[in-house]
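First, the structure itself, so that you have it in front of you.
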């Protein structure tokens, strides 16, 4: 069954201390060619019936993202990009 | 420039209190047809040169995901799925 | 007649007992309000206490905003009911759009608990009229997501309208923009504050008695307010 | 969890008389496992019909003689689910099989006390502190899980001890966390320490429990075995004391709290795999993830149930999950129990009976409820938003006066039929060999007097600077700032004080002081006196606040009990603590033993951590530590 995935990321102008912390740690791992790291949330929603993109967009807008600081995208994802198929 | 996106989700057998809290809140928003919600992290990595999937996989393994409780996927994403293009 | 000050308990509220105690010490009658009950039981003011409402798993305050009691409080606040949001309460007020901006993860990424000096910038609100403008107070701060952010226009507007209520002095514990510790709405009846005045109301348990002023302020405000 | 059971029933050399049924000889270990072993559910009738079936008892940590003993008790081979239950309950962790013979000194040497309402053997000791009020406190370890996954390990360590306190009828009111890490500059410490501190804080802060003290000690001996001990203090009205006995046949057994998932099933998952090859995915211990929000709701729900007198008995679900809670509550009452396992709310529907019984899912409590009060209990649970499900029923003891049996079915198949006491009380007990470590004489001979002393001011300066820079003496603010010490508004003293002080009665000012202390280096040099010194330090720290010390808890962190040197250290430490308590006139009221803190042959320093609790009639009279820097004030001190 396909799921709906909502990706929520901080708006570009909002400072992302977590992403920054990761970016700062990379040189210590010998990685020097990363320009930026941003960390957000990925939310997988499974509906009991047919996945409902509009419904998901409404949930995202009301609850999952805070429009003051965050942007979101909503999309349908086939099983192979979701948890079941992870290595 | 395409980015590398690392999606980190809790392994399916691991308790996800975040997802559960959101799922429990949905009925109050009038949403009753959601079967489950899982919440993970989405990490966008921008390289200074060519995006490097292997490098990203290494970073994910060492730094971004906790292999004891989390799985991750790494993929290249065109700009239109990333922050810049968000509504 | 003693003023009745409501203290809301959400599932996961932690400082609700402390807020009620502070209300009592200030000389008012605390009234416990339950998140699932939309009625305000005739209270004259409301405190949204600190804690981790609904676990605060998604975003602090995001779920609490939809509690039945919040719908009533939002309406009443727009009508002038004094509302103080402390820590999690501040987060809820922002999520409910009673206050602008948002509270995000501390810049240093850790929970931090320390005794913090604040400067009261505005004594014109329902919750700070007992202070002198510029007065410094010592109050515990304890949060993991207390970093206040807003866009520049909003910040400038807050400054211009005198709606920054308190600022951190001697070190910013969470990275808040412009050292903001507390703000108010244009009418001055709704105040959100990150540090915890309810933990500075007894010599035995707090670093000072400075927190009491927030609670005595609202009593003064209520006496002065037209019935 | 049972703690410090003070009574030794028997030793493995003295098995109880075998039941009448003949016991099949054990099949040769080389036979391949039956093909269908993992397929269908292994039922009691099937176990009777297939006596020769090979079972992976050794992989589950049971010895040959222990397995034989289970077959004696049951008169047949155990089912898969029963085997899981015995392996858990007879593990060192649950049965105290290596420590029991020593720990009974705590009871034997204890001074008489009329304050003790519940003592060793209960979830936590309870001491009366006024006509109306009692306090309960206990320290427990969560060492190994915190090495595997520092954040969740430490978080669930706090969660576990809080439920122990809750199970006694108390409201948890404070926590403390004695911690030990490897060298401060070792790369793995950079992984373990921040995770542990964030976990202790994350869970405790979200529960709204002030952290009023603890320890942070670095020593290379803890490199692969960090110690995460957690203490919780609770307060209860004397008449709200709860107990775990599943009394009253006909009463309903209710499981309340989180759903059950495959958390921390660990070793028991060998039962699910037909092949027991090393490194099989199934055997990887699965980590428990804590949900402090759920625990907070569980606390409020339980307290409401207690106040409305809606429960007959209650037990928290700890390390051994349902297995421990079902058997301990039944054994404590001498009753039997009938459980319908498929009623347990599951997070993963594919779970098998032995997995449900072994699951270590957090934030769950088992309640025993009169049928007439069941509705009220379910309503309270619903009010707080926690699951509550009737999963079974208390059954009477057998007509001949023998205790009842625990019968568990899974979809109408009988999968467990055991005497509950055989899991709880009749586990193996070992008097393990002990020998003073061979290197002890050398260690003791290497006295401080032989060290070079600073000979001139420059060398003295060097020494002072080196000491100040030592992580063990350094400021602990980086850690303690991550803990909420103000919540609940009753914290009178906390870090950086030597004791935490909590007000427990706002009307009278009645309060308690608590300190936890331990010194692994002293204990390594002399476990007997080292333990006494830990006790004396905690006692002094409590006494100097002005409190009267009245009770002791302890967490004994040691290497492998199968090493005679470690066992000797352990025995000496217990003897030291028991003697010290007798001399000071205060009882040990509970505690916890953590063995196997060892990497290869290298054990940690023996690390007994001792907690002392004292009473202050009025916390306004507490004496704070000197030289407290005033925040925001001027920090100069005159010496």
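We just call them A, B, C and D in the order they show up, numbering each chain from 1.
Please note the rule applied: contacts are C-beta pairs under 8 Å (C-beta built on N, C-alpha and C of every residue); 3 or more make two chains touch, one makes a residue touch a chain.
On a predicted model such as this, the values are computed, not experimentally measured, just so you know.
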* Structure fact -> Chains adjacent to chain A and to chain D under the stated definition are B, C
* Asked: Taking each chain's centre as the mean of its CA atoms, how far is chain A from chain B in angstrom?
  -> 5
* **For chain B paired with chain C, centre-to-centre distance based on mean C-alpha positions, whole Å** => 33
* Provide the C-alpha centroid distance between chain C and chain D, rounded to the nearest whole angstrom. => 39
* Using mean CA coordinates as chain centres, what's the chain B-chain D distance in Å? -> 35
* **Interface hub residues of chain A, defined as touching at least two other chains** => 63-64
* Structure fact -> Going by residue number, chain C touches two or more other chains at 54-55, 57-58, 63, 66
* Asked: At which residue positions does chain D touch at least two other chains?
  -> 291, 293-294, 385
* Structure fact -> Every chain pair meeting the touch definition is listed as A-B, A-C, B-C, B-D, C-D
* Would you tell me which residues of chain C are touching chain A in their complex? => 58-59, 62-63, 66, 94-95, 100-102, 104-109, 147, 149-151, 175
* Sort out for me which residues of chain B touch chain C in the complex. => 17-18, 21-22, 24-25, 28-29, 39
* Asked: Can you name the residues of chain D that touch chain C in the complex?
  -> 198, 201-202, 205-208, 291-294, 296-297, 384-385, 480-492, 503, 506, 619-620, 631-632
* For the complex, which residues does chain A have touching chain C? -> 10, 13-15, 17-18, 21, 63-64, 66, 68-69
* Of chain B, residues touching chain A in the complex -> 7-9, 11-12, 19, 22, 25-26, 29, 31, 33-49, 52, 55, 58-59, 62-64, 71-73, 75, 81, 83-84, 86-87
